[in-house]
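Just dropping this structure here.
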C-alpha cells in the first residue's frame, strides 16, 4: 500500500526540519561565516521556529494549507536570500500538490514544483554553489525512484543520498550566485550553507514521511 | 678645586638626559599606561629631541641662556602635564643660577628654584605620587652634601640616591595629583612615570656634571 | 563578544526604541513592522522613498529618514534583508499619491524581498512602485559569474539626492531616472582591518590576524577579494581608488563627490587621515572634488575599516546634494 | 596595532590635512600651529571661543569649529594637551575685540598649558581672556585627594551653548557665566569594553579580557575606577546613570539634555540601544528629556564603550542649544 501523506505527517516533516535546523543552527551559521555573512543558521531557525509556533496555534486542515502557511511564515520571518527561496519553495509545493492527502507521486510533483519556484525566484542553476545543488539532484532521484515503483521510504532515502552528494559537491565549486559569489575563487573549498540546510530538509522528509509499512 | 659648570657642561647634561629618555621612552610610556594615558615617554622624548635639535642649531652663550632655551622648548613642544612642569623647572633654574659659569652651590640653588617652580605650577606636594617625590629629596640631599663641602661628584651621587629612593617610594603611594589620581586606590602598586624620568635627569647630572678632578 | 546590547535577538528592536526616544516628532516608528517613518508621512503629492536592508549599518537606512531624504526605512534583522511584509507596509505608509521609489542594494536577499513586496503592492493596490538597485562596489566583478556588484556607499548619496528631487516635487519617473544616473556614476571600494561580530553568531565572522587586512570587503562581513599585509593609509587609499578610477572615467575636470566612510569601529581621526590621502590622489589625478563627506554613514557593526566612494556630479546633482535635509544622520540647511 | 594611519608621529598633522581638504571655506587650518580656525575668524565684536586638548577625541574639538560654536580649536598630540604657544596663537587669531573665552577640560596638563597661555596673552596684548574649566565626570571624586573631576561630555554641550550665546553678541562675562552654569548643571560617566591604542605607544593602554569592562573610564584610556563583568545594556545604563542622578538633583519635572556618546569603536546601533535604556530609566525617575544627542562626539581613539551625560536645562539653555550651528561635527538650522 502506498504511503498516505496527510496533514499530520507533513506537519511532522516541518517540525522535524525545524528541530534539526535548530540543532545545526551554529553549524549553518559557521558555514555562512566562511563565505557569507554569518546568519544562515539564525535566519532559518528564526523562520522555522515561527512556522512551528503557528502550527502549535492550530494546524491547517490539509497539506496544501499547511505548506502554504509554512511558506508564508518563512517569507514573513526569514528575510535575506533564504526567506524568499525557502518560502517560495513551500508555497509552490502547496500550490502543486492538491488539498487531499498526497501519495508519493503527488509529493514528488510538489517537490519539483518547489524546486522550480526556487529557480524562478533565485535564477540560479545547478553548479552555482547554492541550495539547488542539493535540491535538484534530490528531486531527480525521487522522481526516478517513484517512477520505478520503489517503496516511498527507499525513494526518500535515494533523494537524501543524492542531496548529500550534491551538497558535498558544492565544496570544490566556485560560487556564481548569492553572497558567496563575491568571493570569487576564495569561495572554493567551502560547503554551501543553503545546500546544507536543504539536506536537513530532505533528511527530515526521510525520517518522517516514510511509513513503516512501506 | 670646585667643579666649574660652564655652558658646555650643562649642555652635556641636557644631551645626556635626552639620550637616556630616548633609551627609556617605551618604559616611561609603559609606566604611564598603567596609571595614566600612555604618553609620558613619547612626550618627554619629543620635547628633549627638539631641545637637542635647538642646541645643535647653535648653543646659547651661557648657562642661563642655555637652560632658558631648553625650558622654552619643552614648554612649546611637550604639552600635557610634563611640558609645563619640566619647562618651568628649566626656566626657573635659568632664572636662579646667573649667567656666568656656575659652581656647585649655584647649581644646587638653581635646582631648588626649579623644584619650587614645579611646586608653584603643579601645586603638588611630596607624597602625591608625582615627579616631586624624586626631585624634592634629591634637592635636599644635594643641598646637604654641598653645604657639608662634599665633592660635587659625591653630592650628585647622593642626590641620585635620594631621587631613586623617592621614585621607588612612589610605588606604594596612592596618587593625589595628575591623571593617576583618577584611579584612586588602583594607583597603588605602580611607579610614577614622572618620578622615573626625574631620576634620569638626576643620573644624567651625575654622569656629566661632576668633573673627574672633583 | 563585547557589545552594548541586551539580548542578541533584541538588538534591532532595542535600537529602534532608542531611535524613537531620541527623535520624537522627526520620526515615527512602527515597532511591530520595524519601519522608521518620517514623522509626517505620507506627504501628499510627493514621491515616497522607501529603502531598507539588514540592520547593523546604522545610520543607514533609518538614520536617513526625514525631510529631504527617505520617507521610510525597513529594518531587517542584523545583516538580513527585510521581509516583503515590511516593505509592503512601508510602501503603503508613504504613498502620497505620486508613487513610491524602492531603493534596493544589490544583494540576492534584498532584491528578492523587495521584488516580492512590489508584487504584493501591485496585487493589493494601485500604487505605482519603481525599484532602483544600487551596485557600485568595484570589489566585485560585474559578470554572469557573480550575483553582480554589491550596493554600498553610493546608496547613501543616492538617498540624499533622490530625496531632494522628490522633495522638489519631481515625478516618479524622473526621480527614478535620476537615481539610476547616480548609481551609474558612482563607484566604491572598501577594506577592513578587523572583522565584525554578528550578535546572534557571537564571534567574529572572519579571523583577521594582526598585521593583515582584507581588501574589497563587503558591509556584511563578507570576506574581501584578497588579504594583504597592513599598509600605511597612503597605500590603502591607492588600493581603494585605483580600481574606482579605472572603472569609470573620472577624467580631468570632472567634479566628484568624494566620500570616505567608516565601517563602525574606526574613529573619525583615522577617516580624516584617509581623506587627506584620497584628496591628494584625486588632486594628482586631475579630478576636482566638488563636495565631500567624511564619517561613518554605512557601517558594518563594529568592523574597523573604511570605504571610499566617488560620484561624478554635475550642477544639478550638486544642487540636489546641497538642498536642505533633516534626518538623524545627515542634516543641513534646516 | 591596526590603524588607518601613515606614521604614528604624523597622525595629527595628517588628520588636519584631511580636515582642511574636507571643509574648505568653513575651516581655515594653521598647520604649523595645529589650530583649526573658523573660516571667517576673527569675527569682529563677537566673543571668541577657543578650546583644544589632546587629539584622539574627534570630532572634539576641531570638528566643533564654525558659526555658532568654537572660533578655534588647538590640536595637541594624541592625548596630550596643546602647548601654550598654540593657545596663544589661537587666542590672538580669534580676538574680535570682545575678549576670548578659553574652554578647558579639567586635566592637569590642559589646565597648566591654558594657564601659561593666558599669562602670555596678558603679557603680550590687552586681550581679555576668561577661562572656564569643565569637570563633569562623576567617576572621579572631587576632593583634595584627586586632581578633581575630569572634563568630559559636558564640554561638547558647553561649546555649543556658549557658542550660540557668543553668536548672539552676549558679552564675555555673560558667556563665561553661562558656561559655568552649564558645567555646574551637567554630569557624566563613561565605561569601556576595550582599551584604545595610542599610536606612538603601539599597543593597548590596558588589557581588558573578554567578559570584563571598565566602569568610570577616562577618555584618554585612563583605566576606570573598577572592573566588572560585562553586563547587558540595561544594567550598564543603570551603572552610569545611578551616580549621575545621585550627584546632582535631576528632580522630577526637570528638563534635561540627555547625551549618549560613543567612544570611537562603538557603532551607532549600540548607542541607540544604550539610549533606549537611558530614556527608560529617566522616564521611571520622572526626569523629562527636553533634548537628546546620540552619537560619537567625544571619542577616545578606537575605544569601544560609551559615556552618558545629563545636563539640566532651562528655556534659555534649550533655545541656545536649538540655535543654528554649522560645524563639521554638529550642524542644524543652517
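Labels A, B, C and D are assigned to the chains in the order they are written; within every chain, residues are numbered from 1.
In this text, a residue touches a chain if its C-beta (ideal position, glycine included) is under 8 Å from a C-beta of that chain, and two chains touch if they have at least 3 such contacts.
Since the structure is predicted, the reported quantities are computational estimates derived from the model, not experimental observations.
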item: Touching both subunit B and subunit D (chains); value: none
Leftover contact groups, counting everything except subunit D: A, C | B
item: Chain whose average C-alpha position is farthest from subunit C's own; value: B
item: Subunit C and subunit D, separation of their C-alpha mean positions in angstrom; value: 29
item: Cα-centroid distance, subunit A relative to subunit B, in whole angstrom; value: 76
item: Whole-Å gap between the CA centroids of subunit A and subunit C; value: 33
item: Approximate Å spacing (C-alpha centroids) for the pair subunit A, subunit D; value: 55
item: Shared interface positions of subunit B, touching two or more other chains; value: none
item: Residues within subunit D bordering two or more other chains; value: none
item: Chain contact graph, described as a line, ring, star, complete graph or other shape; value: line
item: Listing of all chain pairs that touch each other, if any do; value: A-C, B-D, C-D
item: Subunit B contact footprint on subunit D (complex, rising order); value: 54, 76-85, 107-109, 112-113, 115-116, 139-141, 144-147, 150, 198, 200-201, 205-206, 218, 220-223, 225
item: Complex contact set, residues of subunit D against subunit C; value: 2-7, 11, 14-19, 21-22, 55-56, 58-59, 63, 193-194, 210, 213, 230, 232-234, 236, 264-277, 279-280, 289, 292, 294, 296, 299, 301-302, 304-306, 326, 328, 331-334
item: Contact set on subunit B toward subunit D in their complex; value: 29, 33-39, 42-43, 46, 75-85, 121-122, 174, 176-179, 181-184, 186
